[in-house]
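A short write-up of the structure that comes next.
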Amino acid sequence: MLFMVEMAVNLPPDMPAERAEQIKATEKAYSQQLQREGKWRHIWRVAGLYANVSIFDVKDAQELHDILMELPLYPWMEISVTALCRHPSSIRSDDK
Amino acid sequence: MLFMVEMAVNLPPDMPAERAEQIKATEKAYSQQLQREGKWRHIWRVAGLYANVSIFDVKDAQELHDILMELPLYPWMEISVTALCRHPSSIRSDDK
Amino acid sequence: MLFMVEMAVNLPPDMPAERAEQIKATEKAYSQQLQREGKWRHIWRVAGLYANVSIFDVKDAQELHDILMELPLYPWMEISVTALCRHPSSIRSDDK
Amino acid sequence: MLFMVEMAVNLPPDMPAERAEQIKATEKAYSQQLQREGKWRHIWRVAGLYANVSIFDVKDAQELHDILMELPLYPWMEISVTALCRHPSSIRSDDK
Amino acid sequence: MLFMVEMAVNLPPDMPAERAEQIKATEKAYSQQLQREGKWRHIWRVAGLYANVSIFDVKDAQELHDILMELPLYPWMEISVTALCRHPSSIRSDDK
Amino acid sequence: MLFMVEMAVNLPPDMPAERAEQIKATEKAYSQQLQREGKWRHIWRVAGLYANVSIFDVKDAQELHDILMELPLYPWMEISVTALCRHPSSIRSDDK
Amino acid sequence: MLFMVEMAVNLPPDMPAERAEQIKATEKAYSQQLQREGKWRHIWRVAGLYANVSIFDVKDAQELHDILMELPLYPWMEISVTALCRHPSSIRSDDK
Amino acid sequence: MLFMVEMAVNLPPDMPAERAEQIKATEKAYSQQLQREGKWRHIWRVAGLYANVSIFDVKDAQELHDILMELPLYPWMEISVTALCRHPSSIRSDDK
Amino acid sequence: MLFMVEMAVNLPPDMPAERAEQIKATEKAYSQQLQREGKWRHIWRVAGLYANVSIFDVKDAQELHDILMELPLYPWMEISVTALCRHPSSIRSDDK
Amino acid sequence: MLFMVEMAVNLPPDMPAERAEQIKATEKAYSQQLQREGKWRHIWRVAGLYANVSIFDVKDAQELHDILMELPLYPWMEISVTALCRHPSSIRSDDK
């Protein structure tokens, strides 16, 4: 099942740079692992914002939830979730 | 350049079915032509709504504008546009 | 998979009563058929409004979408969809 | 009487983990006790969010208020309350 | 049980004056009958708007719903419902 | 003159319990004094929220302002004010 | 008592020009009569919009309501009302 | 040129009273000086809120900006600015 | 004086094409005349929408208002106005 | 490509003045360097607010993103981005 997830990150300006970098590095590794597994299918940066638009391909809403809850940046994120399905006009066999 | 475009369609309930079908058929052909050209890269249905989330890959904002203005359903759409760029965590070479 | 769907109906005040009654009767039969099949698991009226809160139990977002698109009142509805999953504190085995 | 209650939790990221765990454990026990008593009839997780959708079956608004005020997580919650009643299309005798 | 109900009326400017007057007269009689029965406990005009704030004292949400659905002006109203309960600081024995 | 005042209280979760209790006690005494004087005519709890809906009967907006500014909980409140007047359908002589 | 009233006018584009002009002329005469009586104390145009910001000086909310309900443009207006009182920093004796 | 400026003040509840009083005193003196100069033409309190509605008469937007930036309470204010012009129905020669 | 004006156009889908074209042609001529006079200093299309962002350089708010009221598309526009002034970091002598 | 970027700055009132001045000075130098390079084409102050409206002329969304992420005030800014394109009515050859 496909979900669009929009994530906006709000780190407090006074978080020590070292801690912020460490969290971001962990986040990046976690995201790339899920991308390699095919579960985090797309991730794009929203131009000008510390935010992204992502497409997840998961078994169900439970798996999506478990993945998002483990995001290292989750405590500083504002998240919105939109369930997607195949569009009848799509010609891509993998955008189901 | 990549753009996320969210489109919601509001056809008046009393539009004759024949006319609605014709507009939708033209829309579908137009969308598929652009998908084949690689400009309308993704289109997903928003579950439960007459709406979609799409990713366009165009030369610039002008080309995006020209494409959207020609959508047969444009007069009945509510549209929002978000400029995207490559996410530093992305591992897909084509999600630039 | 479970989804919460909130539906608000806005019939134009000048719709002929007979037509409104017919649409509502078809809607009721359609809803009850889906309830009997176990797909439309709960439906509650929002007090004071021509609106409901519903819980659907479907295979995936696609099945939800197909069901909602067939609602006879769909053209006059405002709909919002929220994907749900099992709550770790739940003691009901069927609220998965 | 039935009420839908939507709860979103915002714990500050710097709350000591031990304290957070303790509050959540108390919350879970409290919720399950009310579920066993039949007053907290349903609880679902909103996919991707630290939030839930719940259905309460209480004597009146006063009992609902007293229950919610005792939620251990209440000080960090954003809550919305919607009064429900039986839907004329419902076929479940207990969704009154 | 007490509910605050906020009602805003939007009659189309081109509704024939006679029809508007008739609907309003029926509405007034209906409201006053419910006030005499003690179910529509308060009604105040919002200054400057064709809107009111009302307090209903009903058996439960179902009775409130049935009353509001019968409002002659209902098809042209925007309504919001808020469940109330006794305030611990209240000194009025009847504001329960 | 009548005003509806909606008050929502947001005390920080880490305010010492003793201080919170003291402020609330002062608030209660202040509210009850004004109720006895007939100026704070109604106060209801919004079910599920640390919030109230109140009706004030004061000489003018200035008196309302002076009363609200003295609320011990004022610094932690979000307040909205709505001027009311007698509703032509009201049958209560004191809901002027 | 002073009230700020913000009015935005939305005449349908297809209203016959003659009718629109007649309504506006009646509105202007009505407004100027109230200005001469000192009840409509100020009226300013919002730059770029068919809207105004006005200050009324009336006996109470009832008088304000009666005045606004008689506005010839009322059926096409969106109105918001804000109760004002004297500001402690004001040096104008008539801005009470 | 005339501008309506709406200002809402949010002082943190734990600001020492002495500091708050000092800022407010400076603000009052500053406001009254500008009123005497005819630049801050009106100031009204919004009933029930620590907020005001003001009318400024300045040379241009730059002068308005410079004045507002110097408000001692500026760092704790939420401000909105609306450009005004003479209303064709106004009979006051100075509400230009 | 500089103003940013954001305009969004909503022509009804069933407006005869000929009439729409005529209005747009008049609008274009009117806009270009004002651009040549230096009063409509910039106009950009918002990508994907029938909307623009414009910068006006006018004597005062009154002149802006008179210009906007004469826009042939005004009756179908949603407009927002923002007063601008020179930014202290600007290096362009004409962005005053 | 052109983008409109709206930036609002919220520095905490208790930030030491020296630090605030230093950040602002760095911001100004950074902005002016980009203006000289022709990438930050316009910057205007929003009258009355610590906010600006800017027009960027960049190669693509990626370049815009990289520029904005380096703003010294970025951590305290709320930013919105709007992709622009040439308006068919524009007579300025450089407002492409």
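All chains are identified by letter, namely A, B, C, D, E, F, G, H, I and J, in their written order; residue positions are counted from 1 within each chain.
One rule holds in what follows: contacts are C-beta pairs under 8 Å (C-beta built on N, C-alpha and C of every residue); 3 or more make two chains touch, one makes a residue touch a chain.
These are the chains along with the protein names UniProt gives them: A, B, C, D, E, F, G, H, I, J = Muconolactone Delta-isomerase.
If you're wondering where the values come from, they're calculated on a predicted model, not measured in any experiment.
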Chain-touch separation of subunit B and subunit F, in steps, is 3
Matching D-E in over half of the residue-numbered contact pairs, the equivalent interface among C-E, E-F or B-J is B-J
Dist(centroid_CA(subunit A), centroid_CA(subunit G)) in Å evaluates to 50
Subunit E and subunit I have mean C-alpha positions lying a whole-number Å distance apart equal to 44
The distance between the C-alpha centres of subunit A and subunit D, rounded to whole Å, is 27
Listed in rising order, subunit C residues that touch 2 or more other chains are 2-3, 45-48, 61-62, 64-65, 81, 83-86
The chain pairs that touch are A-B, A-C, A-D, A-J, B-C, B-I, B-J, C-D, C-E, D-E, D-F, E-F, E-G, F-G, F-H, G-H, G-I, H-I, H-J, I-J
Residue positions on subunit H within touch of subunit G in the complex are 2, 4, 27-28, 31-32, 35-36, 42-48, 52-53, 55, 82-92, 95
Listed in rising order, subunit A residues that touch subunit J in their complex are 11, 13, 45-50
In the complex, the residues of subunit G that touch subunit E are 3, 5, 61-62, 64-65, 68-69, 75-76, 79, 81
Within the complex, subunit D is touched by subunit E residues 1-3, 60-62, 64-65, 81, 83-86
